[in-house]
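Chains: A, B, C and D, in written order; residue numbering restarts at 1 for each.
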C-alpha cells in the first residue's frame, strides 16, 4: 500500500495524536502531578511534625485531629505519608536515571561494535540478569549495609544491565541500517556515528523502559524497607511505615494501609503514564 | 465470449483511522473470465494490493467497503468480508508476495496443507494428505513427500512459492488471485513460477488475477491488463493492444519509463511521484505529472470511454492528436 | 585507459554453523576512470558483499582492492579516511539509508562539515548546489527524510554521495525499491551526473535491464565467482556463458507478441555454503558435461578483446 | 544433541561462574563484620588473625576466589554464624517450602494468566479486554506485602476462615507424622493419605500463593495479550483465514502456538521474579522457606547464610532458564 505507512515517523510526529483519547494517560498525569505537588509542598500540607512522638495519642483512629490517625508512637500518619512522597519519588528518580545513564553506554558500545566487545559486555550483563529480580538488591544490601542510600545503590546495580540490554538490541538493529553503513563508508569517526547516528535512534526504548521502571523501582525500594533492609527509622518511607506497624496490624489496620495505598496510588499513576509513553513512542503501539 | 467468472463493479474501499476515513479505492470495476489471466498493474498507493483483499473478504475490520460483485452468477455481499469469504472459500485461492511469511514457521508444510484442504473440502486428513501430495506433484515440487515434512525455514523462496501455488490449486479453485507472487524471487525463479501459473491456468481453465508493478511480467503472462492509478482504473485492454497502442497518458508514460533489454537509450520519465491516497489531486489524479494535461484534466474527473480495443478514462488520450506534446 | 579501481583476487568467506560461505571467491576486475562497471547476479551470488568489501565495510579474507594507486586493505586509518572521501555510496533502500532523526540538509552537509570543516554560509551554499545537482530545491533542506517520497530520498542519498566530489560511486541496487516511473528518473539522473562530473560507478544490480542502460563494463557473478565479464554491449549482444544467456532469457520482455516464457529454466541457485563441485553452474546447465561436473572450476578464457568467460563449453564454440 | 543445546549449556556454566564471582565480591565487601560476629565486641589481635586464617581472608584475592569457587561447587557454603550449622543443611531443610510456594503460584499464574491474556487479545477492545487490562494495571501496582497483609486482615482477621501464617497447623503436625518424599507438604501428606494434614497444608498455602501470584499474574496476562495480538497480525494467519480454516483452529492451533513459544521465555522470567518476591511473602506469612531465613540472616549479618541462599536461588533460576531453553528447542523447528 502507500509507502508512507512503512516509514519511520519523525520524533514525535503523530505521538500526541495517538495519545489523544487515552484517558488513562491523563488520569495518570493528573494523579502523579498531584503527588509531585504534595512532595514539593509537604511542609505546607502536613498538619503535624511527622517525627513528633506523642505517647498520649498513640494508635488513634482517624479523626479531625489526625486525618489518618496515628501510629504506635503517636505520630501523625497523614503528615508522615505526605513527607513519604518525597522519599519515594526521589528514590524512583535517582535509581531510574542512574540505571539508564550507566546502562546505555554499555549497550551502545556493545550494539555498535559487535563482535568480541559485544560478547564480553553482554555476557557480563547476563550475569547480573541471572539473579532473580529483587534477590540481587537484597544480597547487595546484605553486604554494603542497610539504609536508604544503600538500597538505592543496590537497586541501581541490579537495574542498569536491563538498560544495557535494551539499548544493545536497538543499537544493534540501528547499526545494521544503511544510514549507519553510509556513515562508516563516509569515514566518520566511531564516536560521531555512535552519538549522532545510532544513539538518537536507539534511546526511545530505553525511555519507554524507564517510564515503566519508575514505578517498579518505588515498589522494590518499599519492599526492601518493608523487610527491614532499606530505609531505617527515622526515615520517612512508606514501606518502612508499613513495616513498623505490622505487629499491631490486625487491630489497627489503617496504620499500615494508608502508606500502603500511597505506594499503590503512586505506582499506579506512574504505570498509567508509562503505558501512555509506550503508546506514544513505540511505533508498534499502533497495533495495540 | 464466455460469461465472466468474477465481475466487480464500482468497488470502493476506505480505511478508518482515528481522524477520518482514507479512501483507497474510488470505484474499481473489473472482470475475469475462466482461463483468462488478467494483470492488475499499479505503483505504490494505487490500491493494487487492497483490491484482491477486498475481493476475497480479507480486509481488516477498519475497512469501509462498498460496491457490487458477482461470482459465477451469484451476487456477493462484498461489503461483508465474512460472507464473501464464505462463498469464495474453496473457489477462489490467494497467493501471497512473500511465500516464506505466508506459512507458519512452527508447522510443517504437510500439516498446513492438510489443515487448509480439509477445512475447505471437509475431507478426512488422510484424503487431504493425498490431495496435498498430488498438488505438490502438479507444481513440479522436487521430492514432494520430503516437502510435506519440511518447515518453511528449510526451503528457498521459490520452493515455498511452489508450495503456496500447490495449496492454491489443491482446492480446485475457479479463481486464483496472485498478489505480486514473484516480486521477492530471482529472475530465473520468477520465470519458472510465471510459466507454472500460465500452464496451470490454461490447462484447468482457472481465471487468474495477477497483481504486479512489473509491466514486463504482465507482457509475459497476461491476456488482459487493468491499469490502476490512485485508486481508479485508468485503462483496461487486451495485453497486446495495451502495450502497442496504449490510450491513457499514464499507461503510455509508464511503458516509456520501463527499462527492458534492448533499451539502452534514455528513458522517458514521469515527473514527480504517485500521490498519497490521503491527498489526491483534483480532476484526473495523474494531471500534475502528465505532460499533456489540459485545463479540463485539472478540474474534471475523466469518464470511462469504451472502444473496441478496451476502455480508458483520459480526457486527452494518446490516440487524439490535439494537445499532444512530443 | 587509466584504472581508478582495481580489485585483485578478492576473497571473502564467512564461517556459519551450516558451513563456510564463499561469498566472494577470487574476483578480479578494474574500473577505468569515467566508466561504470555493473555487477549482476541473483541473490546469494556475492555482489553486495563485493560492494561492501570494496568500501571496506566488510574485511575481505584476502586479495587487493587498489584505489587510485593505494591498496585499501591494510591501509592506515588516516589513509582510509582520506580515500573514503573519494568514494561515494548509494544504497538500496531509501527508507533506511537516511538517518530519520536528521534534517536532510544536515545529512547532505555532514561529510562537508566533518571532512572539509565547512560551516555557515559556505556550507549552506555547497549543500544548496548539491540539492540542485540532483533536481531538488534548497527549501527541502529543513525537512526530515520521512517527509519525502522514495525517489526524492534516493536523490538525497545521491546528493550525499556527491558531497565530497568523489571519483567513484558505489551504487548498491539504487533503484530496486522504487516505483517504475521513479526508477527511470533516478537512472537518468545517474547517467547524467556521470557524464557531467566524469564519475565512475560500481553498479550492483539484479536487473539486467537497468544494467544495460547504465553499464559500460559488465560482470556476471554466480555463487561468488565471476563467470563472465567484458564490455556490456558485447555481452548483451553475444553472451558466452550459459548462465548469462539464462539470465537474459529470464528477463521479461516488454512485448507480449514475443514472449520468452515458452522455455523456462530449471533448478535453483544452490546455497553459497554448499556449492556443487566442479563448475557451480553445471547442475542447471544444459551444456554441462562430465568435465564440468567433476573437474575443478573452469579457468577464465578470453573470447574476444576484454570479453572473458569462465566456462568449459562457452556458447559459440 | 545439537549445537544449540551445547551452546546453551556452555553459556549456563559461564554465567554460573559469573554469578559466583559476584557473590564472592559481595561477600568480601564487609568481611569485617563477620569477624566481629564470630568473636564478639573486643577480640584480641591473635583471635582476629586466627579467624581470618580460618576464613581464608589472609590469602590473595584471586586465591580466595578460586578457593571460594571450589568450596561452593563442592556444596561447602560454610557454617551459619548464627546457628553454627552448615548453611547447606539449613537451606536443604527450608528450600522445599520455598519451592512449594513458588511452584503452586507459577501454576496459578500460567493457568489463569495465559487464558486471560489470550481471551483479552481475541476480544481486543471489548469490555472484557478493558476489564482484564484494568485488573492487570491494578495488580501490577499493588505492593506484594500490602496484598499479603490485606489478605491476612480479611480472611484471617475479619472472616477467620484461613490461618494467619505458617505452613501447617502445629497440632496437626504433631498428630500426623508423614514421611518426607518430595518435600512438598501437600504432596507428602496426600501420599501418606492423611487428609486432615493435607487440608491444613492447603489452607495455609492459599494466601501466600495468592499474594505471590497477583503481580506476576498481571505481568503474564499483559504480555500474553501483546504476544497474541502480535501473532494474530502475522501474515500466515491471513493465509490460513483465506483458506477457510475455522477461527478456532486459526486462533488456538496456529496463533496461540506462535505466541506461546516466545512466552516460554516470559514464564521462565516469571519464575525468577517470583523466587525473588518469595522472600517478601515468606517474611509476611512466616513461611518456613529460605527467603524468610535470608531476611533474618541479613539483619544479623550472617553472611555465609545470605550468600548460600543467594546462590541457591540464582542457580534455581538458571536451571529454570535452561529448562525454558530446552522447551524452546523442542517447540521451535527453526532451532533444530
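Note that a contact is a pair of C-beta atoms (placed from the backbone, for glycine too) under 8 Å apart; a residue touches a chain by one contact, two chains touch by 3 or more.
Chain-to-protein mapping (UniProt): A, D = ABC transporter permease; B = ABC transporter ATP-binding protein; C = ATP-binding cassette domain-containing protein.
Every value quoted in this text rests on a predicted model; they were computed, and no experiment measured them.
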Taking touch as defined above, what minimum step count separates subunit C and subunit D?
2
Which chain has its Cα centroid closest to the overall Cα centroid?
A
Of all the other chains, whose mean CA position lies farthest from subunit B?
D
Here the gap between subunit A and subunit D, centre to centre from mean Cα coordinates and rounded to Å, is 22
Between subunit B and subunit C, what's the gap in Å when you average each chain's C-alpha atoms?
31
Between subunit B and subunit D, the Cα-mean centres are separated in Å by 54
Measuring from the mean C-alpha position of subunit A to the mean C-alpha position of subunit C, what distance in angstrom results?
49
Of all residues in subunit B, which are in touch with two or more distinct other chains?
44
Counting only residues that touch at least two other chains, what does the list for subunit D look like?
none
Can you pull out the residues of subunit C that are in contact with at least two other chains?
149-150
Residues of subunit B touching subunit D in the complex:
56, 58, 85, 89-90, 93-94, 96, 98, 101-108, 112, 115-116, 119-120, 151, 153, 167, 171
Residues of subunit A touching subunit D in the complex
24, 123-124, 126-128, 130-135, 138-146, 215, 219, 222-223, 226-229, 239, 242, 246, 249-250, 253, 256-257, 260-261, 263-264, 267-268, 271-272, 275, 284, 287-288
Residue numbers on subunit D that touch subunit B, as the complex places them
234-236, 238-246, 249, 253-254, 257-258, 261, 331-334
Along subunit B, where are the residues that touch subunit C in the complex?
43-44, 156, 158-159, 186-192, 194-196, 198, 213-222, 239-240, 243-244, 253-271, 273-274, 289
So in the complex, which bits of subunit C are touching subunit B?
42-43, 149-152, 179-185, 187-188, 191, 206-210, 212-213, 233, 236, 246-257, 259-261, 264-266, 268-269
